[in-house]
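I'd like to ask some things about the structure below.
Order as written gives the chain letters A, B and C; numbering starts at 1 within each chain.
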Amino acid sequence: MTLQLPALWGALRYEFRMQIRRPTVWITFALFTLLMIALFQHPATTFEETYTRLLKQESLQKVLADWAFNINNYLPICVGALLAGRLPRDRRTRVDELFTTMPTTRGTRLWGKLFGAMLATTVPMFLIYLGGVCFIASYAHNLLAIPLAFPTFIVVALPGLIFISAFSLACTAFLWSPLYQFLFICYWYWNTLWFHTDLVSLSRTLLSPIGLYTVMGIYGLNESSSGQHPIHITGTPLQAIASILLLIATAVVAMLALDGYLNWRQAQQ
Amino acid sequence: MQVTIRDLTKVYRGGVRAANGINLTIPTGMFGLLGPNGAGKTTLMRMLAGILRPTSGSIQVGGYDGTTEAGRRQIKKTLGYLPQELGMYPDLSAREFLDYVGILKGMDDRKQRQQRVEELLRMVALSEVAGRKLKTYSGGMKRRVGIAQALLNDPKLLIVDEPTAGLDPEERIRFRNLLSELGGDRIVLLSTHIVEDIAQTCQNLAVMKAGRVIFQGTVTEMLQETRGKVWTLAVPGGAKPEGNFTVVSMLNMGASVQYRVVGEPLPGQQATPAEPSLEDGYVWLMREQGPNSAHVLAS
Amino acid sequence: MPFVSFVSLDRLRYEVKLAWKPLVLMPLLLTAPITLLVIIEHFTRESPAHVLLGAIEMLLPIAGGVLVATTIAQDAMLELHLSFPRTYQRTGMLRLLMILIWIALLSWLAISGDALFGQLALPTFADTISPIVRFLLIQLIWLAPLMWLGSVGFCVALLVKSRSAGGALLGGVWLLDILFVGNIAGTTWLRPLLLFPTTLLIFPANLVSRSYFETYWLTTRFELLAMALVFFIIGRLLLQNTESLLKGATEE
C-alpha cells in the first residue's frame, strides 16, 4: 500500500465534506444526546451531581478524563454504525469504478476515506463532549478545562475511534452493512460491560476501544474516581501507551487487509 | 385518448419551482419532450405518472383527473412508466422481475400474467437469457427489461424518460423503432435531451426550459421557426468567426474551417443559408429564450 | 383493494425471495454470540437461562428493528413502484409485517423452548392465573420490545432516510436503555421506556412481589405496546409522502 500525500489530503477533505454535510449524521447525534440528557435526569446521577462530587475528590484533569471515558463508552456506537454505510455507498453509486481509473492508489483513497469520514463523524461527538467540558469548567470555576479537554479527548477517545472506524470500513467490504451494524451493536454492548469482572471481555484487555487502560495508566483513574462501576484492574502508563499503539496497529492491519481484499476482488472480475 | 395539462406548477420543499405553469396537449402517437438538464422534464413526467402531486394546475388523462387520489389510481392502471434511473432487484431473473412487476400492476391471473411476460420477453429479444439474474445484464439489456415492464399492462399512456441514454448506436436504433411501433395506438411520451431521438420518431413535440414549455407544435413547425437562421461559414486559417450566433458544428477542411452557425452572422461574412435540422431548431429556441428566460413562443 | 389479492401467494413468494437472506442470516448469526455467552456464563457459574432470556428479550427485537429500518429506508425500484396501481405504501407495510411476523415466530419458538425445558422462571403468583393469560403474559416478554423497536425503526428509517443512521440510532437507543436501566426504572416519566425489564430488573421472576412486577413489568409492557401503535401510525403517515421517499433514495 503506497501513500501519495497530496492525494491522501484530497481524499480526506472530500470524504470529510461528504460526511459532515449529511443531515442524518447530525440528527442521529442530536437524538442520541436528547436521550442521554433524559437518562441523566435521575436525581442520583445527574451530570451536575456526578461531576461536582468528582471535582471535590479529584483533579480537573482526572475529571475530564472520566468525562471523555464516559462519552467514549456510549457515542462510538453511533460513529461505527454511521461509518458502516460509506464503502457500500461507493459501490452503489459506482464512484469506486471512477476512482479506480485515477492514478491515485486505492490504499491512499482508503486512508483518506477512513480519516475524512471518521473525523467528520467525530465532530458531533466532540461537540457533545465539549458541551460537557463547558459545564465542568463552570462547576470548577476553571477555564483551563477547555484547553485541557482537547488532548484528553485525543488520547482517550481517538485511538478507539480509529480502531472501530477501520473495522466499520473493512468489514462492510464483505458483510451486508446492516448485518455488520447489528454485530457491531452487539460487540459494543459487550465492550460496555467491562466492569463485569466475571465476563470475558475484550474491553478489559489492551485492545480496549473505550480507553480503559488509557484513563487508568495515563490519567490515574481508579476505583474511587470511577463512580458507579469500581475498576478491579490497574493500568500503568506503559500499558496505556501499549494499548493506544495496539489499537492503531490493529486498525492499520484491518486497512491493509481491506486493501488486499479489494485488490483481490478486482483481480477476480 | 388525450392528455391535457393546464397551468401545472410544482414547487418542491425549499422553494424550488421545477414546473411553472405548464400548458400542454398530448395527442395519441409519439410525443417528444425536449429540454436541457434541469428543465423540469422529469418532474412533469413524475406528475403525469402519479408519483408526485402537483402544487397547482390540472392534469387530465383521458377521462381521469390526475390531481385527485382516485384519478391518479385510475391513471396508474393504464400507465406504463420507464424512469430515467431504473432500479431493479439484482438477484431476480428478468422473468421473475417482470412477473413481480405484473403482480404489482394488478395482474392477478397467474397464467395470463406469465403468458404476457413470455410475449414481452420475445418482443424485446430476451427470451434466451430470461432466466439469468439481472445483475449479469448489460445496460442495454436492462433498458429492454425496463420497456418490457412498462408494457406489461398494455398501457394507453407510456412514459419513457431518457430511454436511450448510455445505449450503443445499434441498441438506440432498436429502441427507437420499438417505441415508434408502440406509438401507433397509444400515447408515447418520450423525454430526452438527445434531439436525434425525437427527430427520428416524433411528429409532435414540446420543448421545456426552466420549468416552462417554450415551444409546442410539430417538427415541421419547429423547423419553420428556424428557417433563415442557420448558416454555414467558411473561415480561412481557422480564425473563429464573430457574430451574434451559436456555433453548432465545425469541420476542419485543411486550409479553412467550415462552421455551421445558428443566429445572425455579421454583414461582411460570407455566410450561406443552410437547411435547418431539428438540432438547429433546438439551439435557436434555447438562444431565443436566453439563459433563464421562459417566454412562450408557441403553445 | 381486497386484502387477499394484495397478499397473494405469488406476491409473498417474491417478497420472501427478495428478503430471505437478511431474514435468515441475522437470527442465525445471533446464535453464535449467544452460544458463546452461554458457555462463558456456564463457566462463570452464572445462569445460562439468564442469557437465553436476554437473547429473546433483547437481541431478537433489535435484530427486528434493524431489519425494519433497513428494509423501509430504501428500495431499488422505488420510483418505478410509485407508478404502480398497487402502492408502495402497501408494499412497505407488507414487508414490515413480514419481518415482524418472522421475528415473532422465532421469539415464540425460543421462549416456548425455554419454558419447555424449565428455564423460564415466572412470578409465584402466576400459578393462580389461567393458563391462557399466563401464555399471553409470557409472550409479552418479547412482543413489547419487538413492537417498540420495530415501530421506532420504521419511523426512524422514514425520517432520516438512511440505513446507516437508522441502525446507529436504534443501536444507540438499545444500548442506552440497557446501560441506564436503573435510571429509567427510577424515574417515573422515563419508566415507559423500560424495554428489557425481564432480563435486567426482575430476573429471576419467581422472587419478585406482585406490586413490583406490575409496576416495572406489566404496566411498562402495555405502555410500550401503546407507544408502538402510535409510532406505527406516524410511520404509516410518513410513508404517504412520496416526495420525501424519492428524496431519501439519494440521501445515504
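For the reader, a short list of remarks on this structure follows.
We take it that contacts are C-beta pairs under 8 Å (C-beta built on N, C-alpha and C of every residue); 3 or more make two chains touch, one makes a residue touch a chain.
Predicted model, so just to flag it, every value in this text is computed and none were measured.
Under the stated contact rule, the graph of chain-to-chain touches is a line, running from one end chain to the other without closing.
Averaging Cα atoms per chain gives one point for each, and the point farthest from that of chain C is the centre of B. Between chain B and chain C, the centres computed from C-alpha atoms are 46 Å apart. The geometric centre of chain A is 27 Å away from that of chain C, both derived from CA atoms. Between the Cα centres of chain A and chain B there is a gap of 49 Å.
On the side of chain C, the complex with chain B involves touching residues 5, 8, 10-11, 14, 17-18, 75-86, 91, 242-243, 246. Residues of chain A touching chain C in their complex: 22-25, 27-28, 31-32, 35-36, 38-42, 44-45, 73-74, 77-78, 80-86, 89, 92, 176-179, 181-186, 188-190, 192, 198-200. Chain B contributes residues 12-13, 46, 49-53, 73, 76-77, 79, 81, 83, 85-92, 96, 99-101, 103-106, 108, 110, 149 to its touches with chain C in the complex. Taken together, the chain C residues at the contact with chain A in this complex read 21-22, 25-26, 29, 33, 40, 44, 46, 59, 62-63, 66-67, 69-70, 159-165, 167-176, 178-180, 182-184, 186-187, 190, 251-252.
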